[in-house]
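Pasting the structures here.
There are two complexes below, and they share subunit A, which is joined by subunit B in the first and by subunit C in the second.
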Partner chain A sequence: MAKLLRILGAVLLVPGLMALCSALQVGPASWFTDEKSFWGMPICLFVFWIGLAHAGTLLSAVFLALGVRLDRRTALLAELSTLCSLSLAVVFPLVHLGVIENFYMVAPFVDSRGIFANAGSPLVWDFCCIAVYGLLSFLFFHNHLSSRNVPAQEIIRKPFAWLLLPLVLWVHSVVSLDFAATFVPEWQGAFFPVYFVVGAVYSGLALVNCLLCAEGYRVRLLEKLMIFSSWFIGVIWGWDYLTKGVFFTWAFVFAGLLPQLLWVGAVRDSRVGRLLVGLSVLLGLFLERLYLVSPSMSELPSLGLVDLGLVSFSAGFFLLFYFGLRRFVGCFVDEGGTFFGDVDGSEMEEDLSATEPAEGDEKYVNPFSSREFRTIRLPLLLGILAMLLFTVWCLNVPDTDLTLVNMLPLTYPVLALVAGISLWVSSGVLREISRRVLLVVVMFCVLFGVLAGIFFVGYPSEESGRQIRSLSLTERENNSEKEKNTERDIGLSSSALLWNARCSSCHGSDGKLNEKFVREYYPVPNTLTLSRLDSLGEDSLYQVISRGRTNMNSYEGRLTEKEIRGLVRYMRFLAGEE
Partner chain B sequence: MTPLQNALGCLLALGCAYFFWKPKARLVGNAAILVGSLSLFVAYAFAVGDTEFYPFRLFALALCFSTTSLQKDRRRFLFLAQIFWLWIELFGNISLYYRGYEFAGTRLVAIAGLALCSTFLSRISKEMEFCLMVFWIAVWIFF
Partner chain C sequence: MGMDRRDFLKTCSLLAVGGLLFGCRKNALSEISDGLAGRIPDERLFEEEVRLALSMSRKELDLVAVPMPKALETKGEKSPNRFGMVIDMAACNGCGKCILACNRENNVPLVTEEDAARGRFMHWIEIRGGAPFMCAHCGSAPCEKVCPTGAASHTPDGLSTMMYKRCTGSRFCGANCPMQARKFNFNDAKSLGLSRQFNKEVPLRSKGVMEKCSLCLHRLQDDRLRFKTESAVAPGASAEWRGRGVKTACMEACPRKAIVFGNWLDGESPLVKAVSGRTLYAPRSLAPFDPSVLFLMEGR
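Up next, the complex of A and B:
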């Protein structure tokens, strides 16, 4: 079965890769873009796969933290599906942004270089949360695998689960804020975080049930939870309909009604029946995400070849990557054949009793004295310290107007990152790694730190800075004289037209940013205040427009000198100069 | 929404919480009661004219109330229910803040403070259960 699915994945991946190349080359014009939200298939697939990525950590970590028994095999499969879904999900924001080489601009460097990432944007929060979630999920998976052979490492598994539990909720809540913090009326709702998390949990359960069908066994608890999730999502859709009049009919049919077929014994006991119900849920939730991302899309035929190709890419990539990785892990780690591979269910009870505490063993423990708490307290303290330092630093960076509320979504990921890595290191995992590998890891970390440091001080923008500084004083004076002569050549009204045509999409028609752009698409420059314009100087502004800077394209050859001078003057007018 | 309607909502949550997690109830029964309660909160919130996250806040409050009647692992689920409430309030408030509403920081601090303090509780007596419920109601009504 796994081999068949790998072949299917490869077959789907071929047209998918062609569509991906086309999407990267042509940009947003190649896929269907909603006329109201300007979002399309890449964002839809991103939200969908991020939702699926909840399966592993939710099932494994949350069940472990709450003391719900789940066998190791199912937990490992679920965790592996998280890693694959996350790897896939991160591709789509890059496709959506179009400027892949500038992907690092969404890292939270907090405007330290003037024009840089806007830490008040949900896109930056996405980057942080998903990166931390991916890393910690990997460490959790690694710990799970290695603890089988080194039981001493089992000690950090439950504390790790407690650390990941809020992160699961956090990641998808932050993704939901991409919608809830915008100006699109259909998306404005304070209930969106709950809505998204329930949807993500539901789709994650459906994915795991499908994977279990492929493996050839079933976990009744997960099937029941999937049915209950369909009830909860149904109520939330009802609330969405009552408050906004939005109802996704096909999503309701596929993900709301059809899963109830599991109440029928013949469907429930049939492997094909369970698989079809799971796939129906996934299809329904995909359609729901599609309608949600593109509110004006009412019919599927408006999807183009690239849209369908991207869907094919995502399905093919997941199948190939998941079942390929599963085989790889099975070959190199699974010595006894007890982690992955075909099973008849007889090993599960033994595995369950070996890995999870039996019921009735629980004893009362005093507050803050459990073994888990003692294991996690120092890493947690380090995490809290790092979070406080990061927040204080961000709030004190000059020339930013960030508030504590802007920083809140970043706080827990920072805490979890530091605490998770500390916890993982404290488990003694480093003792198991050979010195050579350890040396490579340390060197990589140092190199990464150095690059991040160079990047932070603004090396990539040095070129434009050097060009500006290279202008001699005489040239500047000449330019200043020229400016005086040419200033009068182009009127303020002409500059206003030019501004609205060329600049307002990012800077806003009033020069105070296009907030929709800021929140939904990409970090953009600071507000053009008079003090900022004064500090830059008119020549610098001329050079910025003419030669471009970081994310801003060069207008050399597209605008005349007079027009650029006129724009600079108009900027000052917008900033309030009399 | 008037303060009276808000107080009635709190009463509704208290009433629904009584039916949660009954001993010997099956998983499907518990799930049905939870979904039924959420539907009731949705209907109530729609009737009183709130279009944001009121039903989900009510649901979280009901979960908090229900933890006082649990037979085992009360401290763990007490903490989790409050964190659930805190999560709904936090992210709901962030999205509202981005639309120009005031950030209800006091409520968040109150819930977070109580969640943290409740982890110090050793054995939860009947009197402590009552105090917790009074505190939750106070947070609901006044903050």
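Up next, the complex of A and C:
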């Protein structure tokens, strides 16, 4: 079955990859974009897959935190599906961008000229929250796997779930703010976070149910929850209709009405029936997101080949990646196939009984003295400290929009990040990892840091000093010194040094703009041509340097008059005056 | 299913490589662009496109009365300038000369035929309700609030500006503008031979960035530089730059003087003189955002 699905995934991936390449090459013109919002299929797929990505960890973490017993195989499946969906989901915002190579500007780093990402934009919150969520989901999954071999690590699983539960809700609320924080009438409403979270849970349940169908067993609890979610989202759609008059008919049919077929015993008990209902829910929710992302669209949009190709890419990628990983991890970690639930129907009864809640045999323990709480105490404290530090830092960064309101969406992710990592480390997982692997990871981090540093600092357009050497300025200077009395001026070579120190960061050491500058800023400084310098005249150039211009800082008090005049002459030299 | 893992992986990677190669092939579009690279479109084409846009213009423009724009605060400081425009609906007859002038001034590119058929022009000005409509340079601009990179930002002089080099093309600003005043560069106009640099002072925009009316920012900057240089040469004439005498391209082109550009905070500005005693209007959906480009209606 899994092999068949892997092949199906590969088959779907081929047209998908073609569409993806064409989308990357042609850009946003290649797919359908809404007239009003300029958004289209990639954002729709992003919201859809990020919703699915919340399924596994949410289910696993919620059940664990609330004390509902879900058997390990199902939980692992769900967590794996989360990782796969998440790695798929992050592809689409990149595809969506007009200038993909500028994506790093969304990350909250101060660049070389102090320009910061707009901390008030929901996209920046998204970027950070999803990054944290992805990392912690991976750690949660890793802990789950490794605690299979080292049962001592099992202890952090429940505290980790406590951390993840609010994070999942938080992250999807932030994703909903992409829509709700705008002024588009169709996207407004305080209920949007709830709407998105319910939609995510619902689609996640449908996905997990479909995956369970592929495995050949079922979990009644998840089916019941799916029905319940369909009512819940039905209520929200009703609310949306009553307040704004927006109604997604097909989404309602596929994800609102059809799942009710689970009430029929024949459908419920047949594997195909369950699979079809699950797929119908996924289809309905996908359509709903398509409608939502394109508010000005009344009918089904005129989807082109690239749109359909991207859908095919996402489905194919997920199938191939999920079932590939499932097999790989299954082989790697466990001796038998039952780890991920390779069972036939005969074991179904046993599985069902495993999902039943345990009998109340444990005696009451004060929550604050429980073993789990004692495990999470220190990491949580570290997390709270990190959050407070972050808050204080944010409020003190000058010239950014890091106000309390703007950084509020990032507070819990910061807390969860620090607490989660320290919890994971405290489980003794590092002792299990071999020295060599650790060394490689550390080296990789250092290398990455260095590369990122080089990238952000930029590079000069020409090596400083090369100008001076190559043109043998000193010689020229000696000649000119002989010719005229240069008592009042400073030499050309010292001007060149001054230029390289003071001016080249923007104007380039050759006077032709710094590459880094051209990449990041507009308006760019003028190229120094002789005609332009002539038209401005020496005095006017002097004024520009000493008093500054639109984007140029004033150098009054930082340069002496002689130095400025020297710079002006050096500019003429750079511009090609012989 | 007699396929072992080795074969499976082999097939998968072959398929993936095949897909990638197919996607990277030289497609019809790039062949056209290769042929067109460096070709500069005729001026006549720009006129024709404006005529086409006029024939497809939207009829509705829902206006409400708004108060006169006030000084903006940036980082706690009140700026002495706030530039804006007013468009007299009574004087305007919707001839579209402003659109052409704007296109020539700001090097607005042509669009492909498919885009033109869908009404997806790059024009910074479009005719709505019989009068020119462009970005209103809102005081609390919704587009700037959601821009993730800070490419859309406000100058102290009240202009909503674009840093093209900082734009990553997320189109969030376009989604958040209630009037869709922002235009997205879907195509690489230069390589398609659709753009022409009429004006050397304004850069050509690359594919994938947002653009919109800049209120002829370059003209204001030139005037400011001229003022600075003059006041440095002869200090004491006038302490502060108020942008007097600057005209936008659309204002210059208007045969009926329906567009007036100026400084809302300067009593001597032609803008303030033109609106004295008259009610100002703004599109209903923009009115809450403190727009700087407003409308006048007949007899009021």
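Operating definition for what follows: the second predicted complex is superposed on the first by the 420 of 578 C-alpha atoms of A that agree within 3 Å, B and C clash if a C-alpha of one lies under 4 Å from a C-alpha of the other, contacts with A are read in each partner's own complex, and residues count from 1 in each chain.
Convention: a residue touches a chain if its C-beta (ideal position, glycine included) is under 8 Å from a C-beta of that chain, and two chains touch if they have at least 3 such contacts.
This is a predicted model, so every value here is computed, not measured.
Undergrad: Name the contact category of A:Ala181: first (subunit B only), second (subunit C only), both, or neither.
TA: After superposing on A, A:Ala181 lies in contact with both subunit B and subunit C.
Undergrad: State whether A:Arg547 touches subunit B only (first), subunit C only (second), both chains, or neither.
TA: After superposing on A, A:Arg547 lies in contact with subunit C but is clear of subunit B.
Undergrad: Regarding the shared-chain residue A:Trp239, is it in contact with subunit B (first), subunit C (second), both, or neither?
TA: Only subunit B is touched by A:Trp239; subunit C is not.
Undergrad: In the overlay, answer first, second, both or neither for which of subunit B and subunit C A:Val194 touches.
TA: first
Undergrad: Using the superposition on chain A as set up above, list the residues of subunit A that contact both subunit B and subunit C.
TA: Shared contact residues on subunit A (touching subunit B in one complex, subunit C in the other): 181, 519.
Undergrad: Which bits of subunit A are touching subunit C when the two form their complex?
TA: Going by the criterion above, the answer is residues 3-4, 6-7, 10, 13-22, 24-29, 33, 35-39, 93, 96-100, 102-103, 105-106, 115-118, 120-124, 127, 178, 181-184, 320, 399, 518-524, 539-540, 543-544, 547, 549-550.
Undergrad: Can you check the complex and tell me which residues of subunit B touch subunit A?
TA: Listed in rising order, the residues are 27-28, 31-32, 34-35, 38-39, 42, 45-46, 51-53, 55-56, 72-73, 75-76, 83, 87-88, 90-99, 103, 119-123.
Undergrad: In the complex, go through subunit C and note every residue touching subunit A.
TA: Going through subunit C, the ones touching subunit A are 1, 3, 8, 11-12, 15-16, 18-20, 22-24, 27, 29-30, 75, 115, 118, 120, 142, 144-151, 162-172, 174-176, 178, 180, 184-188, 203, 206-210, 218, 221, 224-225, 228-229, 232-233.
Undergrad: Taking the touch rule as given, give the residues of subunit A at its contact with subunit B in the complex, in rising order.
TA: 66-67, 166, 169, 173, 176-177, 180-181, 188-194, 224, 228, 231-232, 235, 238-239, 242-244, 362, 364, 366-368, 405, 408-409, 519
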